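What follows is a pair of complexes built around chain A, which joins chain B in one and chain C in the other.
Up next, the complex of A and B:
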């Protein structure tokens, strides 16, 4: 009899503590809403550099100037390569549509061919220009797609000395998982900026896939701006360091910057 | 009799040995159990890399190229159909999609590194651009959609031969593993289970035209590990069982049986236990060690016990210690000598071979033989002296004279002896003819081997290999690493064209199914960016354009997509070559031709090339097997001759000892040369081991002849005649044991071991026949001095001449 009573009380205490703990954490929905409500500015000009390192430590460095402008229902971006010299002048124009069913449009201008070629839309889970980030990662920036996942706040955890909420995101179904090429993400979201400082990904079979970390975050024109992203693929050993500098949210960008003909002229 | 009555040093030694029987037995029991306790440490290594000396340049080259270009040994699933549309029906392509998805979910398989029609993208050019889309996005409905897929793939030269066969009958699903060593065999079995299930549920409804096979290195390793286990479980016990039967027939006593078994167990435990203790793993070939030791070590016991029973029969009232001492005094020399020749045979085989597992077979078989010798010289007499002498039913005493009345086996040998001694010259001439035939056969001997020959033709892996060789570019590959002198050097169109020319040259070679390099990808992109114009399937003409193509590709490809073709500095590129036949003999001319081509075309300061890859390793490995074999045979013959000559204190006796086995080996070269049996890693072991083992017959016979003429003062003819029922009989059981023991290799699951077993068994048996026929015939014809010098009244020609000279009688 005594043991049963003891188990009963222990159970009660256990229930109480888990509830108390759960109450101490904001719901995942709340956190994700805050993440997505963050102001990113309607347009931005940046110097965007990709430093790619393969499994053996060999590096490729590519420098670009990039422009982004948000429109109703879509985001347009264009980038021009400035280095290395053999790809200098190559331009890459993308229209991302918010409607998930509509394929994105992409054009690439190759100066050596003197032609602009339209490239069929990449899948969301495809890697972006040889980096370890996917088109989805680039498109969403610091935001997190609400429709793709079911979320759960797991606990609080420190990242770089900052107390973050660890939110687990599981794709809502297998089809989405396959599109995104992952089966689980852990977001470590900093409640001060509502930016995820670290994302951990698992592949569709549950093997550790990659980790991305934001290393430098500064306030420019009152907008929290990511200056450096570190990404490493645990399976291929490939790494990417993406840096963004000279971020300018003030200079208004003309609409005709984001048209095919501009690619030819270079910038 | 006591110690002082002992005639020889040896007898005095064994008098001492038999003085402490319990102590000696205890010491050996402790030693054997001590070594046996190490057995659980045994590791198994089924990798094919083990067959190359670590640090060999071909292996280093291969590993370097694998590391630079991230090459792995994938598991390959081949889907095939001989129906009209081949695999290009909606049903079968849907099976490919289903299999791909299931395989991606297998533990250990990297889901992002599974390549099939269901994962690969088609790149096509349009008027204003380029479309990148999967060949199989959704499940297909109807033949029309399947035909569309076929048209798309066939326009992609890179995939034709690599992913789908030209005739459309076959397509592959290639799965790379996260960690080959950790997941290899399990992942292979899981994939096999998926394939079996799909075959059962989906293919059965499509008629018998379609089939699915699993192949690839992962499968090979998994299969071999299984075979080693299977072989270990059946070959050793089989050899043991057969030998027990021989022993029972030979002695018909319990004592004869268990004494022999103790020697066998001691030898096998000694070799395998010390192997485990020293950290040397079990290789595929190591399974022959216990089988060889069971066969060889029993000989010591057979000869000692044979002599023991013979002596007992001749002198039933002899006290037991005297009986044992007398037996050991007579037998220690032939037993020691034959053990040393065995060891020399193994060591000659081991040390002339550059294949590490063969070295280990040589070393640890030698250790086992030495262990058997020690047990025979110490533990066996110690046990015998504790036992009350009891006559063997097989050795019945003859009532009148002091020799043994031959039993059935003795009589067979006597009859054989009668025939040989009647026509000795015929026997010698026949042998000479055999040696000549062998000499003619040697140039026809070929060294050849293929990894796939380790499998029976009815195994799934063999069938898959044959299918891939017949339909695809081939299951066997090697690589050529092209190296530019500076970073970005391989963006240069001139140097890319050199690679293109190299591929063209390679594709003209026989057996080359296809080649793949970055050049093929660049050409495909050039075509896509020029409105899919087939005439644009050429290399870009400009360094910058090449660089921009790579950038373009990265717009949709994975960061490590090009890893297997070119490095990040655009300085190193890999050309991979598929061969349709994995035999050494077929790869050799290709590799040697390419080597020459590279020497001529790729040796300036701006560009270099090196051959690497598995078939290149195999080329060096099998090449060394042939050299090692002949070096081993020559070394074994010299060593065995030297030790016999030393033991008998006569170089002629040494020569006589080697002659029968020499003849037998020549007979085998003739047979192998004319029938096309090839020398390979497993069969190359046979000759040197056979020399060491088969010379024992001759050694026993010569030793007995010397004993008969020297100690028993018998005439040459009498000694020869008595040789057959006594020593001849013991040798008959010896050869039966050795043949049956070695013959147990023939129940191996691995075909080359079956050939090895057959070769060594018949070689030993032929040597036995040579020893009991050719050897007495030679003695009868040539009357060698090392024997006749002990016989009074029988003088050699020189002696007679010498005597005549001294008597100064005019001739």
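Up next, the complex of A and C:
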């Protein structure tokens, strides 16, 4: 009889603990909504430097200036390379539509051709200009696509001394997984800033693919702003460090910054 | 022209002085490097020609560039080029440059060394209008490799069609204004610079017509060039818009064809008929349109242009002029596929139709060209491989280019490439079939 009572109470305690733990962990949907609702300002100007290092230690350095402006139903961004000399003037313009069914529009200006080329936005899982971040990573920034994944909150875990929610994201189908070129992501989301401080990716075969970590985050004009990202590709040993500076949320950007003519002008 | 150049330089100097004064007034230390925003590209490339079994060229190129922001809305861009070709085979001796206006000519400093002011312009934003005035390149069109709409600037054919267009296009003194009008951008161009395609002088590696040996009874009159500043200038208008995912343009150019028309006559000289060629540049109208859009992993692009007054050589040596006037419709459609990681596949189909139904045309009325491009990059875009083929279906001529480029450092790249040219020696491309070559190069950016 004592044993039955013990099991009964143990069961009650277990149930209570599970419910209490579940209450402590917000739903993944709630977390992702908060990540995507985070204020990023209607426009921003930033400079960022890419330091790319291969497994043998060979380094490459590239400097860019980027501009982003939000519109009704879409986000426009443009990026110009300022160095090294052989890519200087290269420009990349994107119209990112909030409607998930509508493909983004992208243009690339190559100074060597003196032409703007329309490029496909379907290859969002390809790496962006030799970095370890994909076009999708660059486009989304600190936001997370709701339409591409099913989410699940796994637990709380510390990243750099901060308690984060560990959210697992699985692409909704094989087609999306192939497009994104990964089969699973773990987002470590800081509830203070609602930014994922660490992302771990697994490739289509389920092997570790890459890890990206935000190494510096500051509050500028009351907006949490990423200052440094470290991305490591576990398959190639290649590493990218992206350092952001000069973030300006105050200077309003003119609409004609996001047109083809501006790409040609290189600024 | 020299007066205008002087005014331009003075304007730039005055604005620069104003900036220096502004810095002083603001008690900021004057930073010349930040003001000039200088950069330099240094290139070396050597090519070996298989048929001649000799070094075809060894060139050293020094390209300094300055981008001077005179104010938030005015940028002054200066690009120049020092060029040394050691073997002196591409343009033996001192090139005549008769096709190019005085102010746009290269400064020839000997058989092997030249300097050129490539670009010198002010890029000005006035309210919503972008104005670019000075020596510049204006590029129209969506096609790669062959040109339908890209006729605003002429080209230097020192290396036929094989050099980078960026290097072979001849910048012109011109004015360009982009004016936004309710969702449409209207680009107006005015080009008073009377420069045309710079064709290699006889003896050059890629000199035209060397395969066709003329008889002793052939005489060539001097080239007749337009020379009136206003009346002989070219003008153009391009309307462009972005509509439901499509990039669309409508283009019109009133211009002098950059290739001279070779009128022929056969006067009797000392009672002997002498075939006399009288080359002259003639006016033409170009009306065309371009489009591009992306569908999934595919990008569709194209352009079409109609030239109203094209002159085409005849195959009738007794024809009194040697040329007939015709309309010419040219169109290209290209499809790019990027569904394979780090890879681009591109195919283009060009059609070219001479509308005059005369039976004495020195070419087919309807010609087709096609091109294929395979481009793939490896190792985080440090290694690029490009393979390009262009073929004229009617004449069975064309060329294949391959190039491997490796980025040793951020600012240092090396490359190895080669070309195979094929076709009959009496055809446009095939005349250079003996110039198959392999080349090695290096570029350093500072």
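By our rule, the second predicted complex is superposed on the first by the 250 of 267 C-alpha atoms of A that agree within 3 Å, B and C clash if a C-alpha of one lies under 4 Å from a C-alpha of the other, contacts with A are read in each partner's own complex, and residues count from 1 in each chain.
The definition used in the following text is that contacts are C-beta pairs under 8 Å (C-beta built on N, C-alpha and C of every residue); 3 or more make two chains touch, one makes a residue touch a chain.
Just so we're clear, the structure is a prediction, and the values are computed from it rather than from any experiment.
A.B. asks: Specify the outcome, clash or fit, for chain B and chain C once both structures are aligned onto chain A.
C.D. replies: clash
A.B. asks: Which partner does A:203 contact after superposing on A: first (chain B), second (chain C), both, neither?
C.D. replies: first
A.B. asks: Just to be sure I read the superposition right, which of the two partners does A:113 touch: chain B = first, chain C = second, or both, or neither?
C.D. replies: both
A.B. asks: Is A:126 contacted by the first partner chain B, the second partner chain C, both or neither?
C.D. replies: Both partners, chain B and chain C.
A.B. asks: With both complexes superposed on chain A, which partner does A:52 reach: first (chain B), second (chain C), both or neither?
C.D. replies: In the superposed model, A:52 contacts both chain B and chain C.
A.B. asks: Scan A:261 for contacts with chain B and chain C and give back first, second, both or neither.
C.D. replies: After superposition on chain A, A:261 lies in contact with chain C alone.
A.B. asks: Please work out whether A:29 is in contact with chain B alone, chain C alone, both, or neither, and reply first, second, both or neither.
C.D. replies: The answer is neither, since A:29 touches no partner chain.
A.B. asks: Touching A:92 in the superposition: chain B (first), chain C (second), both, neither?
C.D. replies: First partner only.
A.B. asks: Applying the touch criterion given at the start, work out whether A:236 contacts chain B, chain C, both or neither, answering first, second, both or neither.
C.D. replies: Once the two structures are laid over each other on A, A:236 reaches both partners.
A.B. asks: So, does A:84 touch the first partner chain B, the second partner chain C, both, or neither?
C.D. replies: Both partners, chain B and chain C.
A.B. asks: So which chain B segment collides with chain C once the two are superposed: 225-233, 405-413 or 531-539?
C.D. replies: The segment of chain B occupying space taken by chain C is 531-539.
A.B. asks: Can you give me the overlap between the chain B contact set and the chain C contact set on chain A?
C.D. replies: The answer is residues 52, 54, 58-60, 62, 84, 86, 106-107, 111-113, 115, 117-120, 122, 126-127, 129-132, 181, 236, 238 of chain A.
A.B. asks: Which of the residues in chain B end up touching chain A in this complex?
C.D. replies: Residue list for chain B touching chain A: 67-68, 70, 104-107, 109-113, 126, 128-133, 178, 488, 491, 529, 540, 542-549, 551-552, 554-560, 563, 567-569.
A.B. asks: Which chain A residues qualify as touching chain B in the complex?
C.D. replies: Spelled out, the residues of chain A in touch with chain B are 52, 54-56, 58-60, 62, 81, 84, 86-87, 90, 92, 106-108, 110-113, 115, 117-120, 122, 126-127, 129-132, 181, 203-205, 207, 233, 235-236, 238, 240.
A.B. asks: Which positions of chain A touch chain C when the two form their complex?
C.D. replies: It is residues 52, 54, 58-62, 83-86, 88, 103, 105-107, 111-115, 117-123, 126-127, 129-132, 181, 236, 238, 256, 259-261, 265-267 of chain A that touch chain C.
A.B. asks: Over in the complex, which chain C residues touch chain A? Could you list them?
C.D. replies: 39-41, 67, 75, 123, 128, 130, 137, 139, 141-142, 164-166, 169, 178, 180, 185, 240, 242, 245, 247, 292-299, 301, 336, 338-339, 341-342, 377, 379-382, 407, 409-411, 413, 443, 445-446
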